[in-house]
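In what comes next, chain A is part of two complexes: it sits with chain B in the first one and with chain C in the second one.
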Partner chain A sequence: MSDAAANAAVLRAQEQHTAATVARGRLVIDPRVKLCALVVANLMMFLHVSPMVQTVGVLIFALPMLLGGKALTAAHMLGFYAILRAVDWASVTFAGSAPWLHFFGASATGLLLMLPCIVAGMSAFCTTRPGDLVAALRRLRLPNAIIIPAIVLLRFFPTIAHDYRMIRSSMKLRGICGFWRHPMRSLEYVLVPLLMNAANVARDLTVSALTKGMGLQGNRSSASELRMRAADWFALALICAPMLLHILLP
Partner chain B sequence: MTDIVCELSDCTFRYADAESGAALRNATLRVRAGEVVVLTGRSGCGKTTVTRMLNGLAPEHFAGQLDGRARTADCIAGDTSVNNYVTRVGSVFQNPKTQYFHANSSDELAFPCENVGMEPAQIRARISERLREFDIEHLRDRSIIQLSGGQQQQLAVAAATMLDPRAFVLDEPTGNLDADAIERLRTMLMQLKCAGNTIVIAEHRLAWCAGLADRYVLFDDGQIIGEYSAREFAALPAQQLRDQGLRSRDLSEQQQRIKRIIAQAESAETIENPALLSTKNLVVGYGGRGLLAHITHRRAKNAFAREVPDAELRGGRIIGLMGCNGAGKSTFARTICGLGKPLSGEILLDGKLAKPAKLANNAAMVMQDVNYQLFADSVREEVMLETEMRGGADAADMCSARERCDEILRELDLLEFADRHPMSLSGGQKQRLAIATALMARKQLVVLDEPTSGLDYTHMMQVGELLRRLADRGVCVLVITHDEELAAHFCDRILRFD
Partner chain C sequence: MSTAQTPATSLENKRLTVSDLITIGVFSALYFTIVGVCALASMAIFGVVGNLLLPALAALLSGPVFMLMVARVHRFGAITIMGTILALFLFISGHFAISLITGIVFPLIGDAVARISAYRNRLTLICGYVIFSFGCTGPILPLWMMKDAYIANLGRKGKDSAYINTLFSAVNTTSLVIVLIATVVGAVLGALFGLRLMRRHFAKAGVLA
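Entry: the complex of A and B
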């Protein structure tokens, strides 16, 4: 390709990227902002914020999913949250007349503590392309020793479900299914082939990745260029809102 | 004087953990710029070792002792780190499923460029360029695990071109692919060849190399025993190649035979040999039947349904299932084994309507990756697994069961490994172990999924003989395969799925 043509191609690629914020009707938020949401969610958990602040938090953390094309997942999570809130409220209101509700109330409270983290985490992973997530980790200057395992984890996740199904099929044909009768043995029968397979894949993967430069020292770039745009700064401010509410309100 | 890109000068290589002798002995080879050279020979002949020396993996990653000099561009194996080979050599390996590093296809293409610190916009431009060049725009930004093996391999070749290497080194790239996928891969490599690239391919499946290769180098037991131009190679007698463990150069004879087998009407032997399994109006498939789907009137994203013409499967026969990927071969096999419910229609076992649980009792499957089905700590324990789990047998029963177990192991040449861990066996031995467990459980149907993928001629024939011995015991053997040589030689019947 001639130099002029190559330069033109590079310029085109740059334009395409800047236009990618609202692509195909979906909102794409910088992954660093979503990781920030995860941190705020953890803070909310530690500080035991009030129910109203928690509700505001969960709604805000679910926004990336709602606007990012994963509305159904967000709806499920929010529905689950609403049910937990209702159980919690019921166990407090009817504490006198129905003491047995306490058990459900306590469980609901425990789950409610974790839900903002779960929603923030799901938002981060469902709506972010793996490459963008890795780019975010690189921009945060995390060492390779953390980034490379993160990439490999993201790569292995989908294969585990597939492997598990194959192993269950084999177990079914061999007639060695009884999970309830021999739970530990069944776990072993699933884990050993799963891990052996993972070890084999890891071996081939290392060889392939070495030939593509995994072992190179020096600065690595990222194909995704992360830039904080107005929408991202606004989202960041919105994410900090629950903490602000928690401090300001009595 | 044309540039010599890859050069081996009197190279001898011995792997560090090798029990036997050298993997490669006194090999001398020169590959000129723009040439396509095919290194061929049976499994273990040394061709893979040569590819590893050409892309810097040996002796750095695959430790061993190297005598002699192996050079690719300006890199010397042993002196130059494999990191420096990254921009000189693009490598493609056999297994499409274990080669990719990222979960997403665009990230995988960007990976080599990111590692060398290329400008982001330039990386994106180059990705677009390659996708357009190879006509694989439909592979942009996809989840790699959802691609077919052929598409994954196309992606691997595209990824190898990302840094504009001086040479490409491919190690049996078509081992696990069907005919269509092989054709697409061949087209990509022809494109690379026409652009003047240097390509070295280690292969024993020769049919697809015709017209692509300029030169063939024949290996046997670590030594180069012949170098031929494309024309000279085409003139070699077929038997000589088969003796060397190579697959046929020309598969048209096998394809004719397969057509004849398909067209053959089932001989009328219903009385002495009633059908083990028969299907009526069977529709196999998955997805789109859940409760949620009924309520929302929406089919699940990957729903699939296929009508199957009524079939009768008899014991003592080897039945081939052939057809392109995605046509329903695996789904049919799984339904017959009771691993999935049919969407509609009936399956009869010994003349009686059978539910999936009964079918599962009757069937065994040897998967393409046998690692998913070995559970015990030793070979003998693996074969005795169901017997031990059932329990409740007295000492005499257990004794006779153990005798049967040893008998089966002896027949399958596994008795000497009886105390070894199943995962320490070779691929072929694991296959035989899986068959041993099926024999022990007295299964009447054994389904094998691509048992010969990646095997050279000798080993393919061995697997075929094994299937024949199985069938002679009265077992109904169902083989899912796109290996035309296996099907032509050994299948009594072939069901075509298209």
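Entry: the complex of A and C
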């Protein structure tokens, strides 16, 4: 009896193992791999890699977005990159006759330098669920002093926009809009309720967090199981490819 | 981090409790929002160059957030963690790694300065806030590094280097000084604004304890 139950449990676990990599038709990659992508992107920026390696890097970093359901964002980023490349090429080739092109060329080069980092960052941001990101930070063994504020930030951040809209609508109700005529006063009217609300939210969150046992010692269980699967290792190898290209090519 | 009820010893005054960490998280979220809004606003108005004014603008608007957080968590590490969280999220959203370094070092120094008076003296609070505000200058440092890369790019194509240098030399030093002065001015004004809001609203509402 227990053997059959154990077999069934193993089969279920294996199904979940394969299913988790492709969930709902999207590719889910371990957040730690995306953090590695960020590190590689930074290295690329630091070492001033050649344009070809940069292009390869941007394409690879955009893959999590393309396969993870955020294809439109990825398309925007890649289109932006193509435009910047074109501006850069044009300014260098034609600048002898039109010196004012230097300004656009300089801006384009600056943006191009930052773009691998930005693409890697957008990939990490758009396609990672907050729970997965927090689990990854915990696995990296960051101290509690960093993780708890990060968790609170991720949960509280979406409510700020909502609070701001409510404050604006109640200001309109009372007829005290007019940001450009009294900037300091408008700022005060917006900031004070936001901060009061923030203080109350902090108090409520503390009570609920302490009830759930946050801050106690010991291993914490998590709703998101982070494991490095085959797809994650493959993605990691793919991410290191631009660095290899940079080293191998002159 | 234990939350056991101990008598008010000097050890307890130095430890950040879970309640403190949650407060820091909430106010860091507000600070992050303000920095993000300032980034969008400065880019919309001035273009890529507008990023140079980002630290000054963010320092101007974040004064109340900083002051209220310090008043509620008057222990060492709060300011440092607020800056570190911002630096961490800046790094994850794709800025250059140097923003991680500036985002941790400057808030740490600001924290140490404000700690001199146990977070009570207005002058040390203002100085601490000014130093803390340099923590978000990280994202714009690449602008000066970008200049070298473009010059290298042009040099590779064989352009006249003297002409290029005269073109870019003015961009370099003057803009750095302007950014520094603007950040300091913005931070001082923001700190005074924050202290004024504290006195007018939050002390009366009893939110400070």
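The rule we apply is simple: the second predicted complex is superposed on the first by the 199 of 250 C-alpha atoms of A that agree within 3 Å, B and C clash if a C-alpha of one lies under 4 Å from a C-alpha of the other, contacts with A are read in each partner's own complex, and residues count from 1 in each chain.
The rule is short, and it goes like this: a residue touches a chain if its C-beta (ideal position, glycine included) is under 8 Å from a C-beta of that chain, and two chains touch if they have at least 3 such contacts.
Quick caveat: nothing in here was measured; it's all calculated off a predicted structure.
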item	value
Partner chain(s) touched by A:A235 [first = chain B, second = chain C, both, neither]	neither
Touched partner set for A:V201, first chain B, second chain C, both or neither	both
First, second, both or neither for A:A209, with chain B first and chain C second	both
Partner chain(s) touched by A:V87 [first = chain B, second = chain C, both, neither]	neither
Which superposed partner A:L113 touches (first chain B, second chain C, both, neither)	second
Touching partner for A:H162 - first (chain B), second (chain C), both, neither	first
First, second, both or neither for A:V40, with chain B first and chain C second	neither
Which of chain B and chain C A:I60 touches, first, second, both or neither	neither
First, second, both or neither for A:H48, with chain B first and chain C second	second
Chain A residues contacted in one complex by chain B, in the other by chain C	151-152, 157, 188, 192, 196, 201, 205-206, 209-210, 214-215
In the complex with chain C, residue positions of chain A that touch it	35, 38-39, 41-42, 45-46, 48, 88, 92, 95-96, 102, 105-107, 109-111, 113-114, 117-122, 124-125, 144-146, 148-153, 156-157, 160, 184, 187-188, 191-192, 194-196, 198-199, 201-202, 205-206, 209-210, 214-215
Partner chain A, residues of chain B touching it in the complex	55-57, 61, 81-83, 85-86, 89-91, 93, 95, 97-104, 106-107, 110-125, 127-129, 141, 143, 145, 159, 163, 334, 337-339, 360-361, 363-365, 367, 369, 371-375, 385-386, 389, 423, 437, 441
For the chain A and chain B complex, residues of the former touching the latter	1, 6, 9-14, 16-17, 129-131, 134, 151-152, 154-155, 157-159, 162-163, 166-167, 169-176, 178, 188-189, 192-193, 196-197, 200-201, 204-225
Chain C residues within the chain A interface of the complex	1-3, 16-19, 21-30, 32-33, 47-48, 61, 64-65, 68, 72, 77, 81-82, 84-85, 88-89, 91-97, 142-143, 145-147, 149-150, 152-154, 157, 159, 167-168, 193, 197, 201-202, 205, 207
